[in-house]
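First, the structure itself, so that you have it in front of you.
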């Protein structure tokens, strides 16, 4: 696991994050673990683990136990810091200034109506849930280079007729 | 193709769209075609076709010929209206107010830093391109209901060292 | 039905609405009908009917037939104008400037975290759906005067664990 | 009361809250009490209690006494910290980024004009008060799952004629 | 009434106003009437009359009759154009750019917390209603010059305890 | 003076206020004084005194002496902290989120053009000064309840002709 | 007067201007007159004349007569179009995008507090009026090139003590 | 120099200012000096000196020496704190909330296009520089009262033809 | 010149452009000319020519003559439409939504302080002029593909000492 | 290297920067080094070095070693502080208030569409990458003075056809 740089926590983000974030990132840095390695141990998707680190997803009790183990954090510290419910969405100012995150924003900005049109014709009037939802990131390589593949999978929710 | 409602153009959007959009949507409505049907004829992804309709993607010369054919529009009309280069991104005000599009925006808002963290660890310092990029929408059905699956695939671009 | 003023369409809103809105409101004005009367005929909630008038909800085929009948609009005109999928949320600039609508906004602004806290404790980590959702408006009167009662009822969606 | 996670205070919110908020939330966490349990003791609605915790509602003298008792906080501490008048609305940036709170915002954004239309026809020109106002949250369960029901009840205020 | 210039309607405001506004202002210009003269005839406050002209207040049936009379507008035209409920607040972008209106905004910006503090101590926790509300403008003259006096009078609404 | 709650300083506001504000509010709390009581001692309007407390108005030397006396603050402390010139307007984000202050904002938003129209016809082209200006708050009670009356009195300034 | 280009009206500005603006600018273009020439005829400052053209200043009756004469516009047309009171400030979006106007904005942004400090020390607590105000533009030339000199002269208004 | 209040530094501004600002303002307060007195000693304009105090202008080496002398600050402290290049413009949020600064902003908002028009006709296509620029504040007194006169003098920069 | 698509004018941009823009773009489309071809004829940079087309740069008299010639537009039409001074900056909403233009914006956002630091050390306290300024676009090709090279060249303006 | 002032870190920026920034700037100040000197030692462009200092670019392992050496910082301190991935774009609020950075922003605002038009005609539908990108700053001097030349060089990325 050496040689490959890992993500650490930018100090300027801390005021926007719950108390658990510095705890988790400090341990990650000390143990020099990637999200991939942690996710494998916890048995969840890398994106989900990273979202827990940034306070954007709730850790289940079994996740907390495994995180404590793999990161060498006293379980009761993690349990206490991760006890509440996430207060999502406040880490980023929108539109995002970070170029990587902006590209995702731009995809929504450019293809938003196209997605809506195709989804409406395929499913009717409704939305793709961002809650009954999972996502993953994969890496593909071909002769042209590396490709990032992000999959978004959400339950289709039709509008109620009332 | 009957029975399934198709997407038409909301009049209040027209001032934000190029001249080609009403032409294309009117023909689509008259012929009662879904984007799926048009995409199959043109040989491209549904999202790409919808993006052309909303002026968010450029139609190649061969696309224009096939669109003219399948939609019964005089080729020279389409060629003239689709001659330029798209002026992307102006159809939507961000944050999006449309609930379906907002859900995609919310995914970026909630998981933005998690995606960045995972991508950085997998690929290094860089971005997933939104230009060397393709996307598709699929429908899955299981016992819990219908699921929308959106795939984003972009070339990884590492930051240059200069 | 006379004597009680009914809601008509403010001309300055038309550029933000689909073509169906002036059609529906003109007929409503000509027939001098309240939303209550229309809703009773169509067999739906008043709010749902008003939302259809403002292009914020989709009318089912049977709704269109009944609307055409009660409003004396040729069915095929309504069918054509209401054929698409609603492009929701663009009638209002947020924060709302209209005092009545602002009061609802203020309730979210003031009690937002309180609702979240109570809902999280009652249901766990998730959201109340605004899609699998119904709402109604009722009038109560007591010795202190009239009271408006708005009920919001949404399916609880727990966050997926992935 | 064990087993069911309770709401705690996210550290990043503290700079937006009055001094009473950490006091109240710390005691709540130490005693592991839900808002439901506290509300029952104080004899008020859960949402009202949560609003007091977030500094969005004023506690009456009798509320303060009961809160001190049930939370084991010295009465004079609470009396001092809750002595003033709430400075409402500053905990949330609007539009809300939190998905749960956003859904409430979206309901206003989507149905705002529909509510106004129905209320105007039912009551005349005026507003539903957000001050002479009460609200509650209920849980319903049927074969489709759990439902959150939020009731808003406000006095109708007609515009004065002057 | 000659010699003293009267307020007319700036063409650039019309897209933000209901259909009644140009009708009323055109007649006012043709008859060369001040709001004072009209208000005296209708028996209401000048500000209320001006607010009706800008679509910010509802005209009662008796107001419509008198307005039609004093302005020489066919009653049924006014009745039709003033039939609905005002959609308030959209004439101005806030912060206001107009210097006169900005001064009022600045008073709120500068003295907002001072008003709140004084009102809270005088009345308790609540608000001064802007609905059960009246206002008037008066002119005073002393040796230092002319003074404008604006009076705001609103019902005090205490927050409900629920 | 007991029994009636007084206004204290919300800790979350302090970073926006000058050093004098906590000094003044702490003393006010310790002495349990209303603004009314302080204003009477100092011989100024309540709103003016509250504005000094929030750093929105300058205290004259004689005001400082009396404030020091009535609040039991060493004169030289107050003289030093109140020595400068107010940096007005930064305590509030506009539009105001506080419901009480929002109502004043809404009055400007709703009646702004009406005030302008009436003032222009009464005084000509100019503004009501917010500097050569005084204001007061009064309480009236009738059978319908309590009424807050706010008076704004400003010098009329005609535009110079140059 | 030939050879030197004069200012004409950009069509894209017209929707933000009163009806008088195209009338005045068209005549100015037809007669090929500079603001300097017009100002000399009318006997006012160039900036004042230009402000009248953009609807930002009121023309006095004698100004209207002279403008009609020098621009060959029927007096009654101008009288009618310039009859009202200016609705100032809406021609520009702030921050200004126009580089020339931005430079003035930047001066306020950069030196704002410095001006305030110097003015407060020279005059006390108050403002420089923008209403009892005049301004002019002059051209100076020295060996380094041309210099624009803008003079702002406003009455000092001290804050009232109330 | 006694009796006339001087400008001191509002604590709430400090986080927006460089380290030199509190140093300079503290010394100014201790020595009870006006900007006029300091400027005379340093041999520069008052506005320039105030701009240095707020971190909006660079002090030349000779300015630093004289400032150290007149303010009794160790030269090496000032040299170190004033060593860098100003990061201009961040002290103020625009639009400015401070009434005095707002008036200057309003002048730009109201007369922006008029200035542009007059400058374009006098100088051609270009801008008045805000960099090759000087400014001063003067006080005039006549029978009507005091007048503040602000002069802006900037080099005219014509657009390059390329 | 055939085969290579040329830039045409998106109809949705027209309301933001001067009258000359559709004239120029229509002629360009009819003659099927690239900006490169036009620039070569006129003897100016491509970017400058494109800027004239979008109303962002002034055409000199000799440019107008050549443009009329190469585009087959009557000279007096162009002379009249290009007579005024550009009202720059209003074609784009910032931040730009167009991905190509956004990339330039992002460069400023990411490297802004780095540019400032390097320029300050190289030149002292001042700015690179955007007025005494020229720019060009070049295409380079190597084994990795095509590269766009944009050069910005501006006069260095040191801040005046006053 | 003496005599020429160097860039230091404005304290008010620190909360927006990673922990490495004060470390690097402090050492730079102590050693009194320009970015040019550092860049020469590290073997990279000045802008790249400055971007690393502001946390806007990633330092490669060999950069870190050389930076530690030239700046006399313990390598392991730098390695630890520069271990993560940059969180770009948050140092500046856009639109930039700093005049130097604003000029770059203005160039994008003014010439944005012109660049797009020229690039589209030269390269087709796509963007100039800001990631596969390099930039440099050069100084030129001629008889008119000093000129800053900024070169932007980015890979051309054509939109994928999917």
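In this document, chain identifiers A, B, C, D, E, F, G, H, I and J correspond to the written order of the chains, with residue numbering beginning at 1 in each.
One rule holds for everything that comes next: a residue touches a chain if its C-beta (ideal position, glycine included) is under 8 Å from a C-beta of that chain, and two chains touch if they have at least 3 such contacts.
Worth saying up front: this structure is predicted, and the values here are computed from it rather than measured.
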{"item": "Neighbouring chains shared between subunit E and subunit I, ordered by label", "value": "G, H"}
{"item": "Copy-to-copy rotation for subunit E and subunit H - C-alpha atoms, rounded to a multiple of 5°", "value": "180"}
{"item": "Chain pair with more C-beta contacts, A-J versus C-F", "value": "A-J"}
{"item": "Intercentroid distance (Cα basis), subunit J paired with subunit E, Å", "value": "54"}
{"item": "Interchain centroid distance [CA atoms averaged], subunit A/subunit B, Å", "value": "24"}
{"item": "Distance from the mean Cα position of subunit G to that of subunit B, given in whole angstrom", "value": "47"}
{"item": "Of all residues in subunit C, the ones touching two or more other chains", "value": "5-7, 13, 47-48, 57, 85, 88-89, 94-99, 102, 106, 109-110, 116, 120, 126-127, 129-131, 133, 135"}
{"item": "Listing of all chain pairs that touch each other, if any do", "value": "A-B, A-C, A-D, A-I, A-J, B-C, B-D, B-I, B-J, C-D, C-E, C-F, D-E, D-F, E-F, E-G, E-H, F-G, F-H, G-H, G-I, G-J, H-I, H-J, I-J"}
{"item": "Footprint of subunit D on subunit C - complex, ascending", "value": "4-7, 13, 34-36, 46-48, 50-51, 53-54, 56-57, 88-89, 91-92, 94-96, 98-101, 103-124, 126-130, 133, 135, 137, 139-140, 144-156"}
{"item": "Complex contacts: residues of subunit H adjacent to subunit I", "value": "44-45, 47-48, 57-58, 60, 85-86, 116, 120, 125-127, 129, 131-136, 157-162"}
{"item": "Touch list for subunit I against partner subunit A, complex", "value": "95, 97, 99, 102, 106, 109-110"}
{"item": "Complex interface listing, subunit F residues touching subunit D", "value": "5-13, 29, 93, 96-99, 102"}
{"item": "Residues of subunit B defined as touching subunit I within the complex", "value": "15-19, 55, 83-85, 87-90, 94, 130-131"}
